[in-house]
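Right, I'll just put the structure down here and ask away after.
By written order: A, B, C and D. Residues from 1 in each chain.
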Amino acid sequence: MAHDALKREVCRVNKEIVKAGLVTLTWGNASGVDRDAGVLAIKPSGVDYDQLAPDDIVVLSLASGEILEGTLKPSSDTPTHLYLAQKFPESNGIVHTHSTCATSFCQAGMKLPCLGTTHADHFFGTVPCVRALTEDEVREAYEHNTGVAIVEAFEELGIDPAQVPAVLQNGHAPFAWGATPAKALENAIVLEECARMALMTWQLNPKAELPRHILDKHFLRKHGPGAYYGQKN
Amino acid sequence: MAHDALKREVCRVNKEIVKAGLVTLTWGNASGVDRDAGVLAIKPSGVDYDQLAPDDIVVLSLASGEILEGTLKPSSDTPTHLYLAQKFPESNGIVHTHSTCATSFCQAGMKLPCLGTTHADHFFGTVPCVRALTEDEVREAYEHNTGVAIVEAFEELGIDPAQVPAVLQNGHAPFAWGATPAKALENAIVLEECARMALMTWQLNPKAELPRHILDKHFLRKHGPGAYYGQKN
Amino acid sequence: MAHDALKREVCRVNKEIVKAGLVTLTWGNASGVDRDAGVLAIKPSGVDYDQLAPDDIVVLSLASGEILEGTLKPSSDTPTHLYLAQKFPESNGIVHTHSTCATSFCQAGMKLPCLGTTHADHFFGTVPCVRALTEDEVREAYEHNTGVAIVEAFEELGIDPAQVPAVLQNGHAPFAWGATPAKALENAIVLEECARMALMTWQLNPKAELPRHILDKHFLRKHGPGAYYGQKN
Amino acid sequence: MAHDALKREVCRVNKEIVKAGLVTLTWGNASGVDRDAGVLAIKPSGVDYDQLAPDDIVVLSLASGEILEGTLKPSSDTPTHLYLAQKFPESNGIVHTHSTCATSFCQAGMKLPCLGTTHADHFFGTVPCVRALTEDEVREAYEHNTGVAIVEAFEELGIDPAQVPAVLQNGHAPFAWGATPAKALENAIVLEECARMALMTWQLNPKAELPRHILDKHFLRKHGPGAYYGQKN
């Protein structure tokens, strides 16, 4: 019943989001999924990253949310992670941060369109901004309903979460995901950098946009059957 | 008569405000209060943080301001710390910085409204901007009257300083406080980050605001009887 | 057939672009040219900078692009480097980054005019912004045609690439070059800093410009027969 | 004839301007004056800060500019340092940088007014922006005439250089000075931070200004006969 490799990797990625400059204090958490074992492993709530060790990571049933391993309380954002992991079956890693620029987009209630190839290399189009929850949704099950609102938005907009692996939640902060916890971290880093560059780009030219054929080229040279970037393609 | 633990903690928090990137040169100071002993301990004036040691910390009577321990002059801002500590009985730590973004708010004479959950997690609403002192107030007792103006503002606005543990002083710089010196440091860090994000948020959307029910949810899941964030709740 | 010194220098400069803060993740690459040997050496595609060693550097024929040494795939941007190295005979080093501010200029589709002596010390006038490629150019040979568009722009604008050793590509990111890989790195650093300062300068004064006689003075005191800056002049 | 203590201090301060984040590449230099010995010591031109050693520092006659010690060429900005040292007799240290925010003010051709107490603690009012040199001044003796223009501006504006120890040169970059090289460094750091905060302050409130009585209070509690900040007052 031990999930040592998963806990080590989730612990490592939680520490990496701090090293990447995406986290102030304890505002952030990463989780990882082992679909064969049917579990999600996540950071405990409010623990300092410096002191975080693999054995502090909490392991839950992916289906029910029941705690299977760990003596600490899981992150208060766990219901969001669980719901996203259940509904986005290609995402085995989820990273939540309050990174400065992406969170500013959330606070402004704005989506992040693709303004250049840096964005296109990782996100196949606009990263959406999901609506703030209603009073009822907040009262009933705030963190769970955050996941529900995200999944609904991707369905309504017809966006494949494997092709646009991040979201900006209105008034709150971003979530990113990926095929592994490490890929989710990478997408959280890219989201922050693209948000930072969008702020500067719009200062220079509020009408900037990337032609669609360049967006397609950059995403598809890194992803899918025609990819030729990196050593594995 | 020794207050070793308090002096060590106040020394440590003074060094931490530098590590947190909130301080240029020697512009900042932290104090701590031991209410049972009736003392306030504070950084000496104009001493380099690198060389600061626990024995350099100056200990004063909380009631009278009389120096009880220490051979160095206390921070020139000591009368402000003393007055706030006397009037805000739940605040046993006070941190003053000239951190870049929060100080820019002070220079602009602007309060910091709650624009997102990062703010709501720590401050239960707008962080007020307190008026600049008059010529008479400056001449008579500048640093003491700075404290007086802050306390008056919280009373006039009906704000509980334990729920909004920071203030922006017009033309000057921020003060933050908390139940311990470490909590005051944390609030100073949050204030700076929220001010940074507000600058970016308003660049994107000058009318941004967080719905009241989300503000309530985030503050109350971390504070008070219904809190469920962290390991202690 | 070994090119050890070139590979060591190209490896070193690739690591230096990270240390200089110009690179997020693996977005960047440096190449170096040995014109006597007729070769170009370049970073492999998608390899972490931490783990990069001189033997990972790929050596290609400068004339044909054929791989002469190395077991890894060269950077996907290799055809751009090759074309620039072929057409800019004074440039024996090329650095490509997605550095934040220069890339924001690219995304905005804006050239970088000379606003001060920092710029004038390194670039003899405006750094041009080269048009985005057409659908046909992207489909046929994207990376090669990127080089073609850059070279065409310098010819059309009558700019000597040895005097303005950098370019901003619309929608993408900057390239910089120089007499050596180290000089190309230096120019990439200067380009980023000048772009950062231009953003701030225009926030203060949208009509700022440097008088032509100051631009001439600063460039020519560092470059050409009348130079007197540094120890070698 | 050796000036070891001066050379060590000038070397140290040159390295400190890099540590303080005020320098990119080799854009910056510090000098120090020993008025009893009648000498000015300055960084050599274009030497890396990492490799700079006290024996590399060049010592010149303060009166004539003749090189007295050192085998390297002095900084190309030496004539500016010399002229300022000659005309500002209370300034025994001068620091020149291209620090990002202060240089952006120079590029914008804008002076830096006092917007808060951080500024008032170090500069007794507006830091002026000195006009760009004419074609004749540039051709004849660019670096010397830079100093002449600065001194003329202070005379015309009636500013005491000991009370406003810095200047912004139009199109170029800032100079700061002080009673010692270390004080000049401190003023260069403060200038950069005040310029950074002014950019943010004006983004929030373009009409921000500090009341005169607060400016007086803050400058005079740190400087002159009534000072009470720090351990020496």
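Operating definition for what follows: contacts are C-beta pairs under 8 Å (C-beta built on N, C-alpha and C of every residue); 3 or more make two chains touch, one makes a residue touch a chain.
Since we're looking at a predicted model, the values are computed, not measured.
Taking the mean of C-alpha positions as each chain's centre, the chain lying farthest from the centre of chain D is A. Looking at which positions face the partner, chain A and chain C present mostly different ones, since fewer than half of the interface numbers are shared. Remark: chain A and chain D have CA centroids separated by 47 Å (rounded to whole angstrom).
As a whole-number value, the distance joining the C-alpha centres of chain B and chain D reads 33 Å. Those residues of chain C in touch with two or more other chains are numbered 202-203. Contact annotation for chain pairs lists A-B, A-C, B-D, C-D, with touch applied as defined.
The touching residues of chain B, counted against chain D in their complex, run 24-25, 27, 44-47, 72-73, 76, 98, 100-101, 103-110, 132-133, 135, 138, 142, 171-173, 199, 202-203.
Every residue of chain C that touches chain D in the complex is listed here, in rising order: 115-118, 121, 186, 189-190, 193, 196-198, 200-205, 208, 210-211, 213-214, 217, 221, 228-231.
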